[in-house]
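Just passing along the structure, written as structure tokens.
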Amino acid sequence: MKFKVAVLGATGMVGQKFVQLLADHPWFKITTLMASERRVGKKYGDEVNWIVSSDVPECAKDIEMAPMDPKHCDADIVFSALPSDVAREVEPKFAKEGFVVASNASAYRMEEDVPLVIPEVNPDHLGLIEVQKRKRGWDGFIVTNPNCTTIMLVLTLKPLMDLGLKRVTVATMQALSGAGYPGVPSLAIMDNVIPFIKGEEEKVETEPLKLLGEFDGGRVIPASIKVSASCHRVPVIDGHLEAVWAEFDGTVEVDEVVKAFESLEPLKDLPTSPEKVIIVRKEVDRPQPRLDRDAGNGMSVVVGRIKKVEDDIVRYLVLGHNTVRGAAGASVLNAELMVKEGYVK
Amino acid sequence: MKFKVAVLGATGMVGQKFVQLLADHPWFKITTLMASERRVGKKYGDEVNWIVSSDVPECAKDIEMAPMDPKHCDADIVFSALPSDVAREVEPKFAKEGFVVASNASAYRMEEDVPLVIPEVNPDHLGLIEVQKRKRGWDGFIVTNPNCTTIMLVLTLKPLMDLGLKRVTVATMQALSGAGYPGVPSLAIMDNVIPFIKGEEEKVETEPLKLLGEFDGGRVIPASIKVSASCHRVPVIDGHLEAVWAEFDGTVEVDEVVKAFESLEPLKDLPTSPEKVIIVRKEVDRPQPRLDRDAGNGMSVVVGRIKKVEDDIVRYLVLGHNTVRGAAGASVLNAELMVKEGYVK
Amino acid sequence: MKFKVAVLGATGMVGQKFVQLLADHPWFKITTLMASERRVGKKYGDEVNWIVSSDVPECAKDIEMAPMDPKHCDADIVFSALPSDVAREVEPKFAKEGFVVASNASAYRMEEDVPLVIPEVNPDHLGLIEVQKRKRGWDGFIVTNPNCTTIMLVLTLKPLMDLGLKRVTVATMQALSGAGYPGVPSLAIMDNVIPFIKGEEEKVETEPLKLLGEFDGGRVIPASIKVSASCHRVPVIDGHLEAVWAEFDGTVEVDEVVKAFESLEPLKDLPTSPEKVIIVRKEVDRPQPRLDRDAGNGMSVVVGRIKKVEDDIVRYLVLGHNTVRGAAGASVLNAELMVKEGYVK
Amino acid sequence: MKFKVAVLGATGMVGQKFVQLLADHPWFKITTLMASERRVGKKYGDEVNWIVSSDVPECAKDIEMAPMDPKHCDADIVFSALPSDVAREVEPKFAKEGFVVASNASAYRMEEDVPLVIPEVNPDHLGLIEVQKRKRGWDGFIVTNPNCTTIMLVLTLKPLMDLGLKRVTVATMQALSGAGYPGVPSLAIMDNVIPFIKGEEEKVETEPLKLLGEFDGGRVIPASIKVSASCHRVPVIDGHLEAVWAEFDGTVEVDEVVKAFESLEPLKDLPTSPEKVIIVRKEVDRPQPRLDRDAGNGMSVVVGRIKKVEDDIVRYLVLGHNTVRGAAGASVLNAELMVKEGYVK
């Protein structure tokens, strides 16, 4: 018996990744695909400009697209791949009507009563669900995952917290798929780097504080670290690469950092959970987007070039698949965690 | 009456840029092109795999390539585009025989008695020439320019010194032409970033200290700043982009930084000197390699996205043309400065 | 005394090329830039997403954009960079009011009384202007240039007509800029080829017949050749490359073909006319888009790899700059020809 | 019980694909990896610059590389990924000593007594094995597969033979991996097309005649068709795309062509054989390299845009994975066929 799942914004880049990841999922079965008005009633396979693989999965091809309305949604879990402004209006309607909304949108991430969760980092923040339902009087609820760039970063910051992490400086080299489809014009990015991604640096500088914060039963007390980010788009299809300088409140050795990274435990028994959360590579020239983005089926992050810069500063690189671990896969893993924890009936 | 100039390593990527920049130079005339043994005696136009423009300049096409031997060199100035290990052996032979060697190679950059010069930054370091000639007993001498990534960075650090610069953190996104030709295999870099460039980070972390140091008549006392670099190769033909965090010993405002950048004076009356050394752009998404690398004929650097991160930390981006301002153009500008200052007879 | 010129659709890709080519034109001076309603009244420099070089030309920066209405147009010649469907409505309004319209749009190219002209190929077709004005009762008129791919092809077909050309088979590898801006999404074309360009093959298969046809004073009798095209988009910024098989009604030698190509005369005294119309390169691996697209300031086409396939079939490659010789430059050259021939008062 | 297999030239691009395809093969087990002298004795995993996926397969990592000498080869089948000049010397040594050599090299393809085979096209040509052994007095033998571009083309030409195929004109857009590693320099191909691949057109113009020829028990009588090819390298990692004009000796309809393509039968019971040999897509813009190269695990070819050009000419596109169906996969499929037909003991 599988849970029935729906996707909001199913035709976009992240929507396609949701469909791809859910097509053969052992716990979930796609029942509803929702899109904007002009697509309603048309078959998903005919409407979507499918670019994430050769063909639309068979199980999704013939689904008639539904409007973004709870009345037309036959599902236990609703995954949201909506743009933020649309998500802001649409997602609450579903939560109100009792749906579990697992959202990749940024609209509600920083709301006080909305869990912003990476399963390996802060699963206990799901406790906010009760706060949210009570406060808003909803039958369902919204759980969010962070921005793609934030996720890769925070997966590596989490194990560094115990070493006395204080300040983080990060420069990113981000993939094209992060901008959705059609997204970045080829004429803008060929033989080029675009050193600006709207809203990205703000997200990377604020979301980690909530993720690494402490849930006291009622609210999340933000972690007291500082993050500064410079975000850049590079001509790469998938895979965000980040150069990170981590500053600690005391001396730190590379060995300690490696050990911390390797000790981050995967979540047991969740189908989308990778065997290793953080893979530390020893080669001088890794991680690389094209070679490492598919590690752990896109759910592992790969770290390399760890180096001590000053007594209290360590530099390293981290890479992850931005539309899997950084988007659709993140939501799916959150949903799996919620199933396991009994939040989905 | 033009000065006669020669190029060592004329067929490589930087060698081609030298030939291109010198082809119509108002002060210089190419008389000798030197290459490895197997090319000697062959016409430059027939041997070079010319890739920097449509055609080899007319004035260079029919020059028969000479061996890398002072006896076969008829020139006042010898520009060196040699790889470091070859430069180490070959350049002194020319300096010993009385030639002015303007070198882009890294071999002698950090030697105590060898000037490492960016004309707008530390022209007075040319004073080391006398030290060098005296110490080594040479009739000629070697003057070097820094690594390409260092040059863009230091052009922006120089004006920040007066604001109390203390620490620099830099992440680079470097162009393919920096690796020479054939250089980076297409299969390695398509849809990818390579987060490692051999020897690069070490250069970027040490050369600025010498460049920003003080020449006391006998030697250069290194500047007391710290630089940490993470260097990455991206699929861009020309133009190195760098994300820089500058930390000061007190509070600094963005306005002060902009003003400092814009006050860096170009050198008057040198043909290769750009009208503006640092161009500060106000757009949110500049500088970009493809759009900005040719600013000032590739001799300006372009700065953007200046932002205060903490009271004493400012972040910005800087971009420059790596084979012009960062290599061949740097050597040519050094040579022009030496002519003006009377070091070339 | 320069002619006053206007550009319709000035903010698009081809519109930008018009502005760039006209900015320093010895005969023309930009007076009016017209764009869609939402841009009217705003300064060109503020509105355009300029991507063809570092900066909008000074002379255009402060021009306030005008609506696409003859009443707001102060010009002798109106260049049209409009999409075909808009051109169909807008261009006649200008022609009716007495303007000389030099159009790059496809809307009127195949109309019986509209000249479709490449100056070096069929300048006499301008004779249709009188037919057009008479028939339509207009004070002005429309003159068009062909599709970008057609232009490169026909420049090489023209000299082959005398050798008995009968059938043409052409496979194209076309640049991204041909699709305008934003045009092709980067996610669609990175590490890919898209083997379809809407409407392109039809244009390439029909326009040459009109261009190579004979003007009998009243109409153009199409040439009796057959053209079959397969058109493909490749990840190249500028420059269309075409592999051509030319079949003749008798034996043809490579020498004859080379001689025919090299004998195509440039038009004297037109500022945009290149020194050589067709450049024949002898290297085994030319023409290449990045190296050859700027030949003759983008107005020459470059031919290479001419080879006899069968007694009566010759194969060769041709390359040209699609937004210069293939679009804006083509219209400007047409306008120059019209000035010279006295069609512009 | 698996057959033991070896790879000659195991560290190159095609060598890596062999290792990848053989790593989990149900019939074959890698026992020997052979490379040039300087690598002998070193572990494969340490020496290879692995770029075809994240990691070297576990089963190959620790294999010590052997010299290219039959004495050091413990295998039933030897796959050859050698460059042609090396293959010419090395392969016969193995055949002489009784090995079955399945070669991707071009050295012996066109020799009269060497089978050049595509299993779905001309399996009966394996009959030449006996001729070869007899003539050369070898205990083993060499069987070859065609050039990558030829394979995709001939898979589509085979079913057209019965429709009266007479002449073929083909323009190719070929992937970078076809040039091996390091292969094409990134500076040569970024924002570019290189319209020349050494020796390629000759292979594409001659190999099909042997492949489509008739084996009369003693030799192969070449097919009497004509092929003309123009070959171009494009910035695509994997997947050769070809635009084909097929001319027949009578009228042909698109329906007949589609039916012919779809009727080409896969070989039963061979593990590497795809479910469908030729996949005909109906979309206007397919096949595309990035979307279609992995069809049938890289062993299907994908056809599209079939169009009648003249009564007796049909144009279409074909795409295939050049290092799978076009190289390593082709050799492996040949080996599987030889096993099934009893040629391997």
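Things to note:
Think of it as A, B, C and D in the order they're written, each chain with its own count starting at 1.
In this section, a residue touches a chain if its C-beta (ideal position, glycine included) is under 8 Å from a C-beta of that chain, and two chains touch if they have at least 3 such contacts.
All values reported here derive from a predicted model rather than from experimental measurement.
Between C-D and B-C, more contacting C-beta pairs join the chains of C-D. Residue-number overlap of contact pairs with A-D passes half for only one option from B-C, A-B or B-D: B-C. Between the Cα centres of subunit A and subunit C there is a gap of 47 Å.
Work out the mean CA point of subunit B and of subunit C, and you get 41 Å between them. Shown for subunit B are the residues that touch two or more other chains, namely 51, 190-191, 235, 237, 291. Taken together, the subunit D residues at the contact with subunit C in this complex read 169, 171, 173, 190-196, 226, 228, 230, 232, 234-237, 241, 243, 245, 284-291, 304-305, 309-310, 313, 315, 317. Per the touch definition, subunit D reaches subunit B in the complex via residues 13, 51, 176-177, 181-191, 235, 237.
Contact residues of subunit D toward subunit A in the complex are 51, 53-54, 190-191, 291-292, 294-295.
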